[in-house]
Every structure is written in structure tokens, then in C-alpha cells.
Amino acid sequence: MITLTSDFGSPYPAAMKGVIRRHTDAEMIDVAHDLPRGDPRAAAFWLRFVLPEFPPAVHCAVVDPGVGTDRDALVVRAGAHVIVAPDNGLAMPPARALAADESDVEAWTVAVDDPASETFHGRDVFAPTAARIRAALDEVSGAPNGAPDADAVAETLAAMEDLTPASDPVDISFPEPTVERAEGSEEGGDGEEGGDGEVIAVDGEVLAIDRFGNVITNVPGELVRGRDWVRVDGDLTPVAETFGAVDPGERLVTVGSHGYAECDVNDGRGDGAFDLRPGDSVRFVPDSVSL
Amino acid sequence: MITLTSDFGSPYPAAMKGVIRRHTDAEMIDVAHDLPRGDPRAAAFWLRFVLPEFPPAVHCAVVDPGVGTDRDALVVRAGAHVIVAPDNGLAMPPARALAADESDVEAWTVAVDDPASETFHGRDVFAPTAARIRAALDEVSGAPNGAPDADAVAETLAAMEDLTPASDPVDISFPEPTVERAEGSEEGGDGEEGGDGEVIAVDGEVLAIDRFGNVITNVPGELVRGRDWVRVDGDLTPVAETFGAVDPGERLVTVGSHGYAECDVNDGRGDGAFDLRPGDSVRFVPDSVSL
Amino acid sequence: MITLTSDFGSPYPAAMKGVIRRHTDAEMIDVAHDLPRGDPRAAAFWLRFVLPEFPPAVHCAVVDPGVGTDRDALVVRAGAHVIVAPDNGLAMPPARALAADESDVEAWTVAVDDPASETFHGRDVFAPTAARIRAALDEVSGAPNGAPDADAVAETLAAMEDLTPASDPVDISFPEPTVERAEGSEEGGDGEEGGDGEVIAVDGEVLAIDRFGNVITNVPGELVRGRDWVRVDGDLTPVAETFGAVDPGERLVTVGSHGYAECDVNDGRGDGAFDLRPGDSVRFVPDSVSL
């Protein structure tokens, strides 16, 4: 199986599929091709969310700022999964989510001959690399879509001559929020651990902006769900299950299907209204005001 | 075969596909993931249009108001087809379209453990339910994508322990329009039956609003096609084959690929301009005025 | 393999897939269903770009002005590939790109019974035609997705009774730009041939407008890449790798993934700002002004 992820829109991914089909009969499944343009951090966020649902597969993911992609291609093994992506960090968070532990993650680079050429790298570099790896795994497993185990995947990749071990691949990290609780203990971690007192405040960070401008934070949904109001960086904001709970143009906090708190605007863009960008810190303070 | 339908956009459906692929090798085909958000009626309309084209399959369709889905999952057998969907009515119109007759439609519920949790039900409830059913059918037919007949499907579902017969699933109905003809006879039915005189008026209903704001009625296209003008709730409106036949911002009536008359606006939203919502009644009166 | 291309949006292509699956188990791959509406020229451009990446396949492509499609269906063999499309020219440029030479392109028509009926031709004419051809090829190759060679494909099509040789299918042509170089020689061709002096001017043509309003010309990207400025029909315009290099609303020239120069507007429509439409001529003059 090969999954495909990009910010290419259509019909570019079809060119990649044509190329792949010349190398292998493996099934191809689209993850998304409308990811926020040129935003490896958003791609990393979504792949970390989606890829762990898949059985072992080769994942080809191309999101990079600029037209074309002027970086080496990175091949990352995470357990029995393989991610093929530009060396801009997007592969590492999903790789960690896919692997049993850090020692089960290995990276290689595939040199791109002429990064600044007018080549379409998704088609000419990333798709063929993913396809050649999948074809090699097909051979190991004796069938397209077979699933060799992590050791067999590691051996297969180690035997590919154009892969060079990557000593220091670019990385992206998504920090955990800090949850402050009533008894005064300030706990690191995801808010599940530590004191069981009432939550006083959560210091989080913006993980990604989706293409509608919704601001996805690293604050777990359970910390806001069920409340009526929360202060976001000091501003009182309604918490709601649906956008329609507030008037068009009004701000709200929701919990997305990914399980995190989002800062949104009904019929508008949350990133503008809340003035938040990926990587910004954001403070949530529960509020029980009744207006 | 499993078809997938939702209002999730991307990349959520990919998570559902990963989950399904852990249970079965059955082919997965997307129907749509950009259906009008939270509108089971629109989903029912489109599924009634599309699903009858498929050979027997398991159809997983998740459209529900609100974030997450706080209803039981419904499993509906319609002949040799199976629909897995929230119990909000969206499954019933396509089920009736797929079944030979009403007696060939059966429904069960699958209890959702904690409807209000932060779980992503598409991934955690509906996809695994569809996949487990498909895997059971794979076993009956001896192959992924095999097509057991209706009796075998019924037996397979009856043998699944977590399915409880549903006595009264939520339903959505799409009424037929009333066509008034020249000889004064007022006929029920779809306008094909009854008097063969000239059509004087058609009392229809709005079936769905698509995501462009086009108002899809239950008035058969043949009743307006070929005319130049029609009165919609009294207002004279041009009938045209293409949006471009009228100026941007202008109203028109077209016939969509689904075969029904639509109330549209070129470069605008028909639902606003015609002030029509799903379920509203709408009266079409042919007019031969020359302006 | 069957590829599917249209301007239908969703969920109409799913109806086509259901129909196809009743005829053949061949793999179905989407090229795009969001092509510019009713624009066969844009479809021809994109298919010429994408289809040559695929191994031999049946390509079903439906883009036509107007609601429904009121033309005969065209079946074009290009080497071992087959394109099924309306007879409006969209099939010919990709056919030439797929074939070794013009003699390897053959065309037939399939009569459409009642072009003006309310039938959805994508589902009722084009999909079944593509599926019947694929099913016939499946039989020749002994397996779904088998790849008979060009001769076997030609024989298979010649044996299909409802195909009539098409003497004069509608065609669309994409001209090459004219490149004027410093030594005074004016060369036809794609700018690769001829004098090696500096480029003075390129007289190109608009090949397509994409759905964002970006104006795709036939000017090879290498003729603008690396420059800071170029005059487009006399107006000085920055050349940039990314839209973000200019302020919102500002014009720029980029090189798209297809390798051609594009006239774009950051957060706007290039077709409006540059006043260019498909088929218009456009003159690029390199400029080394420093502002």
C-alpha cells in the first residue's frame, strides 16, 4: 500500500499515481491533496493524526514552501512503515507516532539531482522513490500490498544503493501544553497526569492552521468540552459544539475531530480573529461567568 | 466493496480508510466527502441518486449535525446492499432505492458506548462497523469484494452479536410533486401519470441545497426543459441549460444531472435569492411570455 | 485500469464508478473532477500533461459546455491507450502525447441516442462505453488491469460493433511559442532549438486558465526562471517562485509544476488582471531593470 499526501490540489497527484503504477501494483490511497499550501508543520500535524490508523505502508508526502521542492528527499522508516518526504521536518512527527520507540526510527536521504530545475519533484523524485521502495517490499513479501515486518523493511531499505543514512534530518516538534491546577501544582504533560484539582489555566501552543483558518491548538479537547466559556489569551470566548451556535463573524472555541481545542470564527477565519499563527503560544483559562 | 460518504472534507476520511484496511482488503470507493455539512437530508438525496448505480456493497455514510455524532449507528440491509450510517434518517431513502420492495429493507442498531466523548465516530464507530460487516461478507463469499446475495447478507447480519434489530429507525421522506394539468384533473405522482393535457402548474418541494447554494427541487426536469420561462412562486425566471445564459447575480432555473429542476443564481446562491430551504414547498408555473 | 476525469465535482463521478464496476473489476483512478467547468481546452491541456505518466489504460474524460453533453461520444486509440470523451477536441492533444506518432492515433464515434434528453451522459454514455472497452481488453489480456499491446487494442476496438470510424473528429491544437533571439534569427519550436543567443522576446499563447484564474501560457519555464522581471504585453512584472513574494492583489509571473510560465495574482485572479483568455497571444520580454 502507498498513501499519498500533498498540497498540490488536482490533477498533479494523478501524475504521481501514473508514475507509481509503472513500478508497482500496490494499492494507492489518498490521505489529502488540499493540505495548507507550503506548510510542512500542518502536514506533520495531519499525518501524525492519520497515518497511525493505517497498517504498515509506504507513505509519500510532499508539502514544501516554494514552487517545486528544492530539498533532498528523505526516507524515514518507522517500524514497518516508510515515509518518503522532503527533508523539511514533516516526516518526523508522524514517524514517531508510527514507531514503537525512537530507536525504531531511521532516516536516509535520496539526493535530488538538480533541485532548482523545472522538474515536478512530486512526480519525478518522490513518487518514483516511494514506488521503488514499495516494489522492493513487494518482492520481499511476495505480493503487492504484502506487509513485511519492521526488520525486513529495515533490511530492504539498507540494501537500496541510492539511500544515504541521514545523520541529522530536519525535525518539527509539537510541544505538550502545561496545565496548571487548583492545588497549585504546575504539571507538565498532557493534562492527564498530576494533581486532580480543578484546571486553572492551560498554556498551549498553536499546532496548525487548517485551510479554513481554524486555529488548532495542542490543548486537549477534554479541558474545554462541557464548559460554556473560556478565556483565550484573556478574551472571553464561548465554547460550542457547532459553528452555528454563534452568529456569523463571531469567535468560538470548539473541539475538532482530532480531539484538540480549536479557535474558530463562524463563517470567518480564526487565525485572523485570534491573531494566532503556527507555533504561537496561547493561554486558555476556564471561566464560569454567566452573562 | 465499501463506499464512503461524509461531510468531513480531508484528511479525516483517510483515517477511516486506514481503519477499514486493518479489517478487510475490500475495495474502497469514495462517493463524496464534501456533502453539505451536517445535513442528513442532503446526504439522503445524493445517496439515493448515486448508490443504486453500484453493485451490492457496504456503504458507510456519516453526515450528522454537530461535532462528532451523538447517535447510535444504524445498519440497514437493502437487498444485498448494506448501509452503515447514523440513525438520523439519511440511510432510509437510499435503502428504499436499493431494495426491490419495502420488505427487503431491515435495520439494526449498534450501540455507541459514549456518544459524547471526544472520539471521532467516523473512525471509531462507523468505519470499523462497516469493515467488520464487509469482513464477514468476505468470509461468506470466500473473497474480498465477493457479492453474496440478499439472503446471505441477511443471515450474516442476523448472526452479528452486537447488532440489535431497530424497531423504529429515524426516517426522511422525499415527497412527489403534484402536477396540475389543463383538463382540470389534479394528479398525484411524478407527472408521468394521469391526464395528457398541458401542464398548468407543479407544486413541488425543495429536496436539498447543494454546497453552491443551488436549490434542488423534486420537480422532474422534463416539466421545465425546453421552455424559455417559468414562474417560481410567482416570479418570472428564465430556464437555461447553462449558468452563463444569464448575467452574474441573475436567477435561473436549470435541470441538474440528477434530472430535477434547480433554482440557481449565476455566480451566487440560489437558496438566498429564491428564499428556499430544504422541505419548503415551491410552485412552478410554465409561462410563455416573450419579453 | 480506467482513469476518470471530469468537471462534475462530487458526487457524480461516484455514479460513474458504480456503473463501471458493474462491467469490470479494473482499477479506477481519478485524474481530476474539478477541472474548469465546460472548458474542453483546459481539459485537453491537463490530460496532455497527466496521461502520459500512466501505463496503457482506458481514460474516460467528460468535460463539455452546457448541462449534459449533446455530442457523440468519441473513442480514440493512442498506442495501447484508449480515450473515451465527448467529440469536442479534448481527446486529441493527449492522444498525440500518448502515441508514438500520428499514425498510431485512430478515432471512432459512439452514437448517443438522444443527446438532448435529461440523461446524465457521464453515467449513461461515457462510463459504460469506457467500461465495455475495458472489459473487452480484460478478456484479451486474461485479467483485469492487463495491458494488451497497441495492436491488440486496435483489433479489440475494431471488433466492437457500435463503434463507427470517425473521419473528422473535432480537434484542439496547442501552438508552440516563437522565440526571438539576439543574433536576429527568429526560431520556431520550443525555444530549445536554434540560435544560442540571448532571448529578446517570446510570443506565446494562453493554453488554459486554471480554476484559480492562473493564466497558463505555452512559454517554457526555463525562459523566465532565474530572472527578476519580465514584461508581459509591455507591463513590467516580477518573476517569483512563490505567490507570497508579492503583496496580495499584485501580479507576478511564476513557473507552474507543468513547467510553463504562468501569469498570476497573489490572492486574486490572473485572467482578470492580465486580461488574458485561452487562445489569446501574449508577449514575454525579459527585462533586467532594477527598480
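Residue numbering begins at 1 within each chain, and the chains themselves are lettered A, B and C in the order written.
Keep in mind that, in the parts below, a residue touches a chain if its C-beta (ideal position, glycine included) is under 8 Å from a C-beta of that chain, and two chains touch if they have at least 3 such contacts.
The structure displayed is predicted, hence computed values, not measured ones.
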- [ ] Take each protein chain as a node, join two nodes whenever their chains touch, and name the resulting shape: line, ring, star, complete or other.
- [x] complete
TODO: Call it same or different for chain A and chain C: same when shared residue numbers make up over half of all numbers used at their interface.
DONE: different
TODO: Could you say what rotation angle superposes chain B on its sequence twin chain C, using C-alpha positions and rounding to the nearest 5°?
DONE: 120
Open item on the list: Using mean CA coordinates as chain centres, what's the gap between chain A and chain C in Å?
Closed with: 33
- [ ] Any chance you could list the residues of chain B touching two or more other chains?
- [x] none
Task: Contacting residues of chain B [partner chain A, same complex] - done: 8, 10-12, 14-19, 21-22, 25, 28, 38, 65-68, 118, 120, 122-123
Open item on the list: Show me the residue ranges of chain B that touch chain C in the complex, using the header's touch definition.
Closed with: 1, 3, 5, 29-35, 46, 49-55, 145, 220-222, 225, 241-242, 254-259
